[in-house]
């Protein structure tokens, strides 16, 4: 037998190709559940609901409102202090400081990573500084902060920058270094180098990493802010959310403490689903860089 | 040839096919019926192929030929089980394809299909062992055999990022062949190869087929290659891909004769004049 | 023998000289001794060091502590909050210590509380609610009247004592005043730039600043152990007053402080520093906090706050 | 003129190719400086030296050893407490807790991201949890930590996990999602799915991101540990580095406070240059995934 | 043809070349002399090319032909200024090449050479504007012109990840051509294209060359393509690449005649029999 003989004989087929019908959009029909499941806000809402129910149930079962109030008690306190404007006012104070510190952290991280990507000694500098300074707790900065910035928001911002800077710089730098050689070469082919290369090629190409850094930095900025507001003593009346939490904790108004934390959670959710999710959708998702 | 899959050789190369085997062959191994494939992007909906029908029988060397962007890769991915048709169905041995699997080994068009964290040899070997297609000494032996076949023995311990484009593709080819799958799906495997290497690879594929009579779906851009490699050739229209024709290729004996030139001209006409 | 009371007790002390009786009690194993004497057998005592009233209260509410030392305002806040909640109610066991808090400054223009201006910053371990903050408010109330008790609050700044000391002595920061406890308050005065504006003892008397408390449930379930604890505390106080040198040595040894025993002994012997189980002036705090509204439930007498064992003492 | 006419005419060239000479390794000669510059440890050492000199100079200029001692004073204190075994003992205590918390954070992050990569609702869960919980400061966990783990290292570990988990999970998840579709398809082609896909494909492919997450997590674990050791107290004699710093601060031994922080810095340097750099060199560098 | 670079047209298409111009042409535009290229990997040292010499004159369509892995891409990258020779020198207009630049526009072999965050149109346009080769309305016009030429007008606003392999390469080709560089470096630009599209692209390249007489260095695997596209062909030996021969191609008039077949056979012999 020849090699071909194992093959099935069949006639040739020749067709006329119709182009008219192709434009129709075909959608597979979906069940109601599947359709609901596809709405991200619904899914996330469900998760939140479940978490709230767990909180409520655990709080009730624990029956120790001084330590861990049920969700409803917290919500009561939250509603009260939202209504009388205390929480909004405190949040505003915190947000202001936070945004300044966060922005400065981003700028410094951009600067450091740009220097780092430019030369070997720059990379060493970033690596050394990061591995040295990143693990240092805020109290290590206290003396210097007091000397350089005094009390109040200057020092808080300094500490905030410290908590934001390294995480963002680490992520950004790792992102830069993971950019494919081809893209890098393309950029240099356009005559780009130094800052231009960073801005036009490295930043967009490393955007998934940078976004992660921004997210981590954002979260740590909050953590630090709340802790720092206590350490750096806010003069009365000017306190932010951290102070609100601390005050209520001292007075054992636990429901209010949790209301303050709940505010932080809410802001976190809004920023994640409002800001970061939108950025992701408009950038890395759209560009096919994340799946 | 010192490597073959013994059971297949028994069935095909040894005894003449018995009637049952012939009957089995009469029902297609792979049936693509009315398959429309679409991509949903953030901005719009792209139809890659539109109501494509064809049948691949066991031991076919089936070639997909069509202009750039007509949906060949997409079609192959759907057969691979990575993409669900919005219309129509893909059946393998009568069962609808729902997921990827090592029975349909794919050689992708992209250069980044090797695992960067594994050397050339590990890349091939890992495919064999994880998929359970071979293990231990057999896997090692098969790996070395195919790496040698694609001319990369010297680079067996190199990492993919130190290889040239063509070398990467050859590793992928070695991997695909080493898996000895029921259906080998190859997406322009030889595009990055020079004339000589390409010819060698084609010969290798045919020699392997002679031994094991595996089924292969092969995307190519070269009409000559389609005729050389294929037993049956599917012509697709430009974007969105629709079936234009399904032709029989010529037997190897007739390569280099007028029959080849004629078929080439026919295909040329069909593709270029539309 | 069938033991009705717990075999293990968790006690928290704080950091510093004000907790000396507890440090001595731990070091000399006085509680173990008293418990044995009371027929409780070998009681295992777990000692912990915790810093800050919130954490101590949290640890107490969550059931991780049986007995703890804390500043009087912190205790009053918790007491008032849980009053009526049988599960969580607490009682003080005894007074612990009294000392003077100095308001020191390096601003030569400040001679009295009246001289503080908006630019002056007074460091406290925690503003508004900490022990020092309440003491300052009480002093301010004495000076300017009850309604103005918070007059200096805007000038206060939260800084731990060591940082406040450093800031004051180095003079490089905006913090120019500090309401400090010993040893920081003494050490500050060694600096020629720094002078004292006020001594809390002069204004408020030598009142107890810290006390020891426990959950009611613990007290009810372990009456003998509670009594043993008070007895042990008494014994420690006695040791301190009779053998201040030894107490100082114990302090230096167990806190690994780099102070010399002599320095510690001098602090112990300071006339303003008193270690006694008898609460003194606790009602001053309670009355003040009740007046200004920090606590909702006000005790009628000091005995309302304390266990019966100490009711007969000459407390206030 | 024809198109060809602009071209220069020249003869054809045909050569014999010699294969014998090719094996020679050719190295460009480098200057002494360049050669020294190529030694990473030398470069980093130089940076460290410069930083130490700045510290020393600033400390002396400030002339306020109580607030900020010069480098030499710190080094003295460090040498003393190193010699008498205090710092090693405290470091050991801290490292034990740290490693446990860190390891648990990694395991939990692996778990969460594996769930997240498996399904849409898993992704939502991770995203929601991260955006909610990551910004929460440690005090938010205090009540739960006290209830669940009591005082001591259990709670410290809990807080450590909180500070490590989200950063690692965020980085890992972003890394997973950035893995190229082709690699993912290759993995599934081998029959891998679920855990197998995560282990054999996603983890190595996302390794640069994961490493960044591990670095950030490591640093934040230290920060948190030092703060948490104060909050959760120590049973007598058992304190770690955080407690050492706290104690010395209370005793106004500023040089020792900085010696404690210096220990943290040293450990950071060792871990970065010893552990992380080695891992990087053996993995992502070797694999050409980072340049 | 409705787009040309006017000054070049004046010099070449209009008047006959004057003696000065001829004299300038006599010195090579690009001179590669004794160039050895190596890669240092973690594990060992790979020599990609060994003492390669050749000269490219202005308006040459210079083809590099050689087996897979022989160092063609590496050589192109060195000329592009991305890689420093360990031996020898590369001179452009007499100046040593030290860095990349838009005067030597590169079409890479890899599919990931488009900026993923820019649409097809933006990818081409961005290259023009950042490099300063064109701006404003001119850049837009040129962009659209070349996108149209590669048949991607319909996909001008698509992002690269939604394109097929061949479409991505066509965008890169459009970008390279739109830049109208002094030297165009093309690394297997047509490998991923089907026969028809490939032929169209080749014609486009030749037509453009007729207009602007730019210099192009072209890597290909196809001997036929080398003869069609090139004026001069460099044959490289297998790994590590060394110069085997440098041949003249045939003028376009002779394409399809015996001269082509003869040259093809000659090259075939040189490459395959070694």
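By written order: A, B, C, D and E. Residues from 1 in each chain.
What we mean here is this: contacts are C-beta pairs under 8 Å (C-beta built on N, C-alpha and C of every residue); 3 or more make two chains touch, one makes a residue touch a chain.
What you see is a predicted model; the values in this text were computed from it and never measured.
Among the remaining chains, those touching subunit A and also subunit E are B, D.
Distance from subunit E peaks, on a Cα-centroid basis, for C. The greatest number of inter-chain C-beta pairs in contact is found between A-D.
The geometric centre of subunit B is 44 Å away from that of subunit D, both derived from CA atoms. With centres taken as mean Cα positions, subunit E sits 83 Å from subunit C. In subunit A, the residues that reach two or more other chains under the touch definition are 64, 67, 143, 146-147, 249, 286, 289.
Across the assembly, subunit E contributes 43, 110, 112, 159, 162 as residues in contact with two or more other chains.
Counting partner chains per residue, subunit C has residues 58, 62, 163, 166-167, 172 touching two or more of them.
Every pair of chains that touch is listed here: A-B, A-C, A-D, A-E, B-D, B-E, C-D, D-E.
In the complex of the two chains, the subunit A residues touching subunit C come out as 63-64, 66-67, 142-143, 146-147, 150-151, 230-237, 246-247, 249-252.
Every residue of subunit C that touches subunit A in the complex is listed here, in rising order: 53-54, 57-58, 61-62, 77-78, 81-82, 87-88, 121, 123-124, 126-130, 150, 153-159, 163, 166-167, 172-175, 294.
Residues 1-8, 10, 12-15, 17-18, 21-22, 25-28, 281, 285-286 of subunit D touch subunit E in their complex. If you check the complex, the residues on subunit A that touch subunit E are 180, 182-183, 185-186, 188-193, 196, 200-201, 204-205, 207, 283, 286-289. Interface residues of subunit A facing subunit D in the complex, by the touch rule stated above, are 37, 40, 43-44, 47-48, 51, 62, 64, 67-68, 120-121, 124-125, 127-128, 130-140, 143-144, 146-147, 163, 166-167, 170-171, 174, 177-179, 181, 184, 208-209, 211-212, 215-216, 218-224, 226-227, 242, 245, 249, 254, 261, 264-265, 267-269, 271-273, 276, 289-291.
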